[in-house]
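Just so it is clear, A, B, C and D label the chains in written order, and each chain counts residues from 1 on its own.
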């Protein structure tokens, strides 16, 4: 009866793969604490995902160097599992599940707004704490209390950046340029409000992500004769090209970046200080000797240079605070308890200084870490310096 | 087994029956285990298989379609938008998520089915990109680049499908429905599709109305993709443009070719293997893509006709020996 | 009945004229041959009549009904079947399945004498073999059998003997005889094999440079000096373009 | 008015780049019947090879461009010979192979060079200004080189025996082979020619734009669009369509902005196909 046998065979073939999934998860030995890192680790935004991973690995290495994380009366060895969530909503959702399957309750990441959107609803199901570094309008909400935010977002800094820029230049109108997806539009809408509050007229221009030549967009933008152009949250590579092409087109006004780190890369891609000329930007954690210690420690602990710049500085406190909260709560399983401890931990990083739990005003929930940050100014091709802004609620 | 039963099975098709059985059995898995990894992978497989069926239906007629994400988006956004009007009845949503993309496919089909071969491939790719842009420029309806989040759970027979287990069970149900539709279509018209796949000039000269079957296949394929979109949105509780990026069609095509295009079991095997591999590789961070690429090379070079095709050929050879 | 009438048919590809002003009538049950040197437009003629290519001018009538420019499947369903120059079967499936598909798509049921035809070609004993595993000659006969299996009134044969061994060519005669007696078909043959044409066709049409050079009984036509000059000097077994 | 001129200048510049890419893409398709998903990967690779030559080996930039072209051509040649060749008639399989290769190329680049943009500047800077219209010098040079490359390609294809052989294979492989052309020799060569062009474009264009992993993806999409518009396998069509795409992209982006601009371009291509299903200069296509 060949027909019947064929059914059997094809059934076996089809179910084999599904059955193969049912292998039991790794058995745990001793006290081992696994934490996750998440973000785009390939493609366009890879540097941010890899910075998250670097931060998680550094925080883990710090406690391991002291013999492990003290949890109750045990010392736990901390390891990091990375997940490439590809800057997509489903990538992050799948990542949450994949990490949950390895018994991971604490995730450093994800990075992008789409990822944050995707992972938020699932954290409750999987009992996981996550730290997103996105600039999404709803980076944290009361509805998903296990989501924390590596702040500040544009809502926290934009006003200070604009006020600082206005001290150096007369800006009555600004054109903002950003990608047309959530990573762009969310920041631009926040920036627009901040500019208007400071009496600056705005126009916004969105481009298709993946655009490589910005000359047409720039021609369009310059037709409105803006006093300044703000590259908002355009990826640093894109922003560098935008700067270069703006200057080639003869634009003489100041160029801003009210949208996150990456100035070094912009400087490199655009062709240097002479091209950049007049530039103001949100500089992330201020470049202080204490912050620089992080780079030295990273090299000492992980045996290689950190190549993520200030991104790593910004991500590190989230990882450190998480481990601290686990230690204080004395549990590696009770996520609710860890979250509760975390919300009340004092915000004081050995390298970044004193900060606050912000977010109440913008999001209605104070789950955003905000440390001192800097506003950088380059004028006439010379770096004027970075002004330190203390966090305030 | 008596001759009548054998005849019936042969008429219905062994592979088709196996495929349906696989999904019937899959209902048991969420009831037997609580393992999050299995839930997660299985849920992705359930979504992926449905989307891959949509590609596979077109492959039955030798048409390689990149348009699946566009129709998935139509189905998914239909559900998300309905959710905003508090429509959460599972039956209504299932019908809508099938019907909306299928209806849109009718005029689109008239446009793109005139094209053959690689033109069809490239144009469907353009269609998927247009859909992305349409989402971006219609923030009022689709939430633009932010998508629509907080989609309410579907309501099946008065019960909200909220827990992980219920979501997965519902995904299994949608996959079973998609399998039934796909199996019924490709089995009932197997001769027509096979003739078009192999030699549409000859088929037409023998009197087959080729465009009619191509149109039918395209419309059903669009509807099935819509079901995949529904399943995905239901899993994420969010309809987001990044879920329907044109580039994900590459995954579904890879699933069906790696699994094998000759049998309906191909998409199932291909999707299961590749989704599993993706999850395995996902924790290898930046090397995930490369590992995926290597896997594609290996399967294409080592298993011509895909996995199911190769296994079938192997068995046939052994039987002949 | 199903008389095939061609009126002033013309076909151009861009500036290239394939044929023009072509008129003839094929009576129900009739049989005619079309000959001409390579590139005379013989295959294109079949393509245009069967709807595969649109004509640039002129009309095609079947049984008095204008079928010009109809799609291939429609013309096929109205009763005009064609065979192809190269072997043309569904290669990956069995002989049985090939025949079954032709019968299914033709939608007229199994035509009279189909099984006897298969027997005559010795295809009956190879029904379960995959069609592209058959010897070339048999594949060709299968292609012919499939054209007949849709139950046509008119059969257009495109170089049925091309590629066949001398010894196999008698099967073409048998096929033509069979479809005329059992199916009542009229047959139009495009062919290079002059023996075959002479043997079979009571009437032949000679095409040259897109025009009808001669039309009549083989004995008369083939004796004409212009026909000999235009065509017979260049007889060969090559397939035309 | 100056916006109008500006858009024209930008459009022609874009068109020249797109033409080099699309010519290679359509060459591979026309001759081998392979839809090359790795085309963007070769573009990216060209950029990185040139960068390595300049920054790592200290080569002069023009020399680096040549090296990049040769290196990508060599990789294309090997890829065709070793992987594509055995499966040449299975269009789906070759499509998947090129996709797999693309994923591997991007991963290798990411692993070696890291995720951030490279510091890779064009050796010539500055721009010509005429009133409010400007023309960057570097763009002018790239445009010139692109046009020269297109001209060279045209000479090779239409004035040499190799070119005649390649075109004969593209027209009809069976006839070409019957005439004694040897696909085993010519196919890898055609593939290498096309990937070399992509590498050349990458080496030329990435320094004036940016060089990072992921710059290959939009290249693939644009090549698709251009080739559809021009007519598959038609070299003249690809060149013509490249300039049309470049100009339409420039004008729509300047007058309607980024998102709408892209949408207009896509819809335009779709509409064209309604009226001319074989593209501007295409003929009937073989099945895929």
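By definition in this document, contacts are C-beta pairs under 8 Å (C-beta built on N, C-alpha and C of every residue); 3 or more make two chains touch, one makes a residue touch a chain.
Here the structure is a predicted model, which means the values were calculated and not measured.
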item	value
Given chain B and chain D, the chains that contact each of them	A
Pair joined by the larger number of C-beta contacts - A-D, A-B	A-B
Inter-chain centre distance, chain A versus chain C - centres from mean C-alpha coordinates, in Å	71
Chain A-chain D separation of Cα centroids, rounded to whole Å	34
Centre-of-Cα separation between chain D and chain C, whole angstrom	46
Centre-of-Cα separation between chain B and chain A, whole angstrom	34
In chain A, residues with contacts to at least two other chains	42-43, 46, 50, 180, 206, 208
In chain C, residues with contacts to at least two other chains	none
Residues of chain B engaged with two or more neighbouring chains	133, 136, 286, 289
Listing of all chain pairs that touch each other, if any do	A-B, A-D, B-C, B-D
Residues on chain B engaged by chain A in the complex (per definition of touch)	1, 6, 9-10, 14-15, 17-19, 21-22, 25-26, 29, 33, 35-45, 133, 136, 144-147, 149-150, 163-164, 232, 235-238, 240-243, 245, 263, 265, 268-269, 272-273, 276, 278-279, 282-286, 288-289, 307-308, 311, 315, 319
Chain B-facing residues of chain A, complex	1-4, 6-7, 9-11, 13-15, 17-18, 20-22, 25, 41-43, 46, 49-50, 53, 81-85, 87-90, 93-95, 97-102, 113-114, 117-118, 120-122, 125-126, 137, 143, 180-186, 206, 208
In the complex, chain D residues that touch chain B	29, 35, 37, 83, 86-87, 90-93, 95-97, 99-104, 106-108, 110-111, 115, 217, 221, 224-225, 227-228, 232, 259-260, 262-263, 266-267, 269-270, 273-274, 277-279, 285-288
Touch list for chain C against partner chain B, complex	50, 52, 71-73, 76-77, 81-82, 84, 88-93, 97, 100-102, 104-107, 146-147, 150
Interfacial residue positions of chain A with respect to chain D in the complex	42-47, 50, 180, 205-208, 210-213, 215-217, 219-220, 223, 236-238, 240-241, 245, 248-250, 265, 268-269, 271, 307
